[in-house]
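Heads up, the thing below is written out as structure tokens.
Chain naming follows the written order as A, B and C, and within any one chain the residues start at number 1.
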């Protein structure tokens, strides 16, 4: 795993630039990701926030290099890990990065684990294949990892099968597996969406503890504004395959600079506030096979104006001079409230 | 009470667990709902919250008389719904309706929207003014284009489908609608649309809702009163403010503290409960929450705490440092507004 | 890593969500079918075969076993126009009948058997499968056990035994016998379909509205459960035709004076080395028919499967 060239100082841990992914289906092309850019620093937690069809999961799969081609094609952009471009790499070299440097966990832990193998063996297998460990050592390490993700009596549970674990425990097994090779970046795709709120709290706590211990960069993909506020350092808000806003977490919640973010914050009910009036966003997220021209959000936007929004795609620009990016022609107005 | 439109008394539903194919024998039972009582007042929204496996979906089916209870009763306007004849039950269906969780599976993919929303009339007879007209009216009421009657469900978005489901439930002008996780499958921006619609309809038609959900924020937003369920029982019930601002049951407290707030300036440290929910096949003795509770004492294992209002106790009454008690029904021996971890 | 499975799923869902924005299952399927060569080839072949079976006079002016003359037995083909004077494009068979005419008439028996057997099996399986899957409990146990018993009977052996016991059977009796043996597989399929639809949310929604069993069955369960059973039935017609020919060939199926491709094969086997065309003509038609049914069924199944879209 030491065959990565030393990066130039100041190179971000992970850099995604103008990433484009499309699905070619019978008779139509679905533009799932349309020019996504972000960077992730060492030890940072970056949240990618978006609703269904925003392209958040697809973009993560593209970064991991696990898209199914066909129907999905990466049609442009760059993914650099410590300065090394990953997108053009042959599958054999790409595989070295996957797992060892960038690992991923998923919403549905049950279908991501092999039902006919004991979980301990599944974790050990990774270590044998990637690290060339002996079977005995790998087993021992697997139990250590399960212990590390706080699975009670890990030694005996290592010989259980995935279906014998509860949802929360299964997600822990997945995390143990993802951490087996001590990755530098962990991508968590809706890791707690299928879990109950008390279990979610356990898993999020575990993830943030592990991140501190291992100084990992964490990309958290979610639709949950609450989870994001709780753990993220920085946020990228996606809509129709594009970044519409990005900012440091407190800044984004206090001063949203895109009408979509503003709308999301006004739509979400809060457990800590009484009688909060909800102001929903009208309409529904767009069909990715027919993304509206101009600003993709303009048909739903209360601030849309005839003269620019329907025709001109707004670029993501720094609207405060402090790295708060918004892709709205009228971001200054949104900031002004 | 005349004000109470729906009364649930000591409702129990145990599902037998059987083994064997030819010679079936019972090896245990899943205690899905295990002694639940509450009343729904006219025009109010009662929220039922709980995590998966707490029995809230089974409870919804019992309320709709889709399942028969092991014991206990559900009374609608003072008549026991489980004692009704088939014809009487059909009449009851006009009064009590349901909105289901998943907008993608709750509409028959082979029927047009007109047929789906018109099905109640196909079953119960056409309304005044004709079926077609009423269907168009209903679509308009829930915010859909009445000209879309001939479209199929898959031509609509998730939020629109949920509106179709709501129109179907409204068709017979019911008094009570049981909403089983009606917004949990929807995107955040659409969720608010549907919640606002439900609130508007309640005002317009004087509906009473039983609103079942796992999302505590959603329940707070829409409910007048809230009941919290754990392993087949209600552990705490009260009005929305009592439950959310003055919870006294440790489970409610843990649950509330675990909900992340969409405000990064208010990052709290949640009370992280250890372990998983025990199996409803073999729930713990006494208080069912004691295995995960930080306040548990010996008495919790032996004596089941009743759901009742609890008086405050000072240190002299044997309570450690005194407890505030609970002004609303709480099923904890040590009901206290303060959490031990405060 | 082992997560590939879940991605495929996620991607497939993203895809179908976006693409499936118009019309219903059957019209979607039709649009998919329209573009497939296999579909059109098998449809054309089956239309020709069906015309032969229903309107043989379109293809020949002779009747069944009409104007046979032993003196011409096994004479070679002459003139390619069967309606012209002395037109015998396939020559004569062993009884001196015009072989073209006999082959045209040979289409009817297998087609009847294929469709009637499938029809009987389909009717039985839809009825029994729906009852068993929908009502469950003792009715399901009873029907399922009976299905198991019939399922246990080896089809060819069962048919051999019954058909040998009643040697004087015609096309209809044979269809009935095969039909009675044929339903268990389809019944199981139907039952499984009904079971999977029975617990669908929209069925629950209909119950909540007060819909009766009949309505739930007719409006909600059957329309959503039946597509795979129909596809199976379509494939099945081809399979039955193959079985019919096999039984004819073994000598327990249809008997002279009925004409059928299977019988023609059976009669031609002894003289195959000297008169190969007597075997080849019916064999080609039989194979083309069976294959067309199978390919058609396959194409329809693919078109109906949303996962392949």
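Annotations for the structure displayed:
What we mean here is this: a residue touches a chain if its C-beta (ideal position, glycine included) is under 8 Å from a C-beta of that chain, and two chains touch if they have at least 3 such contacts.
Nothing here was measured: the structure is a model prediction, and the numbers come from that model.
Looking at A-B and B-C side by side, the one with more C-beta contacts is A-B. When you average the Cα atoms of each chain and compare centres, the chain farthest from chain A turns out to be C. Distance between chain B and chain C, defined via averaged C-alpha coordinates, is recorded as 51 Å.
Centroid to centroid, with C-alpha atoms defining each point, chain A and chain B lie 32 Å apart.
Multi-chain contact residues of chain A (touching two or more other chains) are listed as 52. Residues of chain C in contact with two or more other chains: 21.
Residues of chain B in contact with at least two other chains: none. For chain C in complex with chain B, the residues that touch the partner chain are 20-25, 200-202, 204-212, 215, 219-220, 223-224.
Touching chain C in their complex are the following residues of chain B: 64, 66, 89-90, 93-94, 97-98, 100-102, 105-111, 119-120, 122-124, 152, 154-155, 165, 168, 172.
In the complex of the two chains, the chain B residues touching chain A come out as 51-52, 157-160, 187-193, 195-196, 214-218, 220-222, 240-241, 244-245, 254-267, 270, 272-273, 275-277. Residue ranges on chain A touching chain B, taken from their complex, read 51-52, 152, 166, 168-169, 196-202, 204-205, 223-230, 232, 249-250, 253-254, 263-272, 274, 276, 278-282, 284-285, 300.
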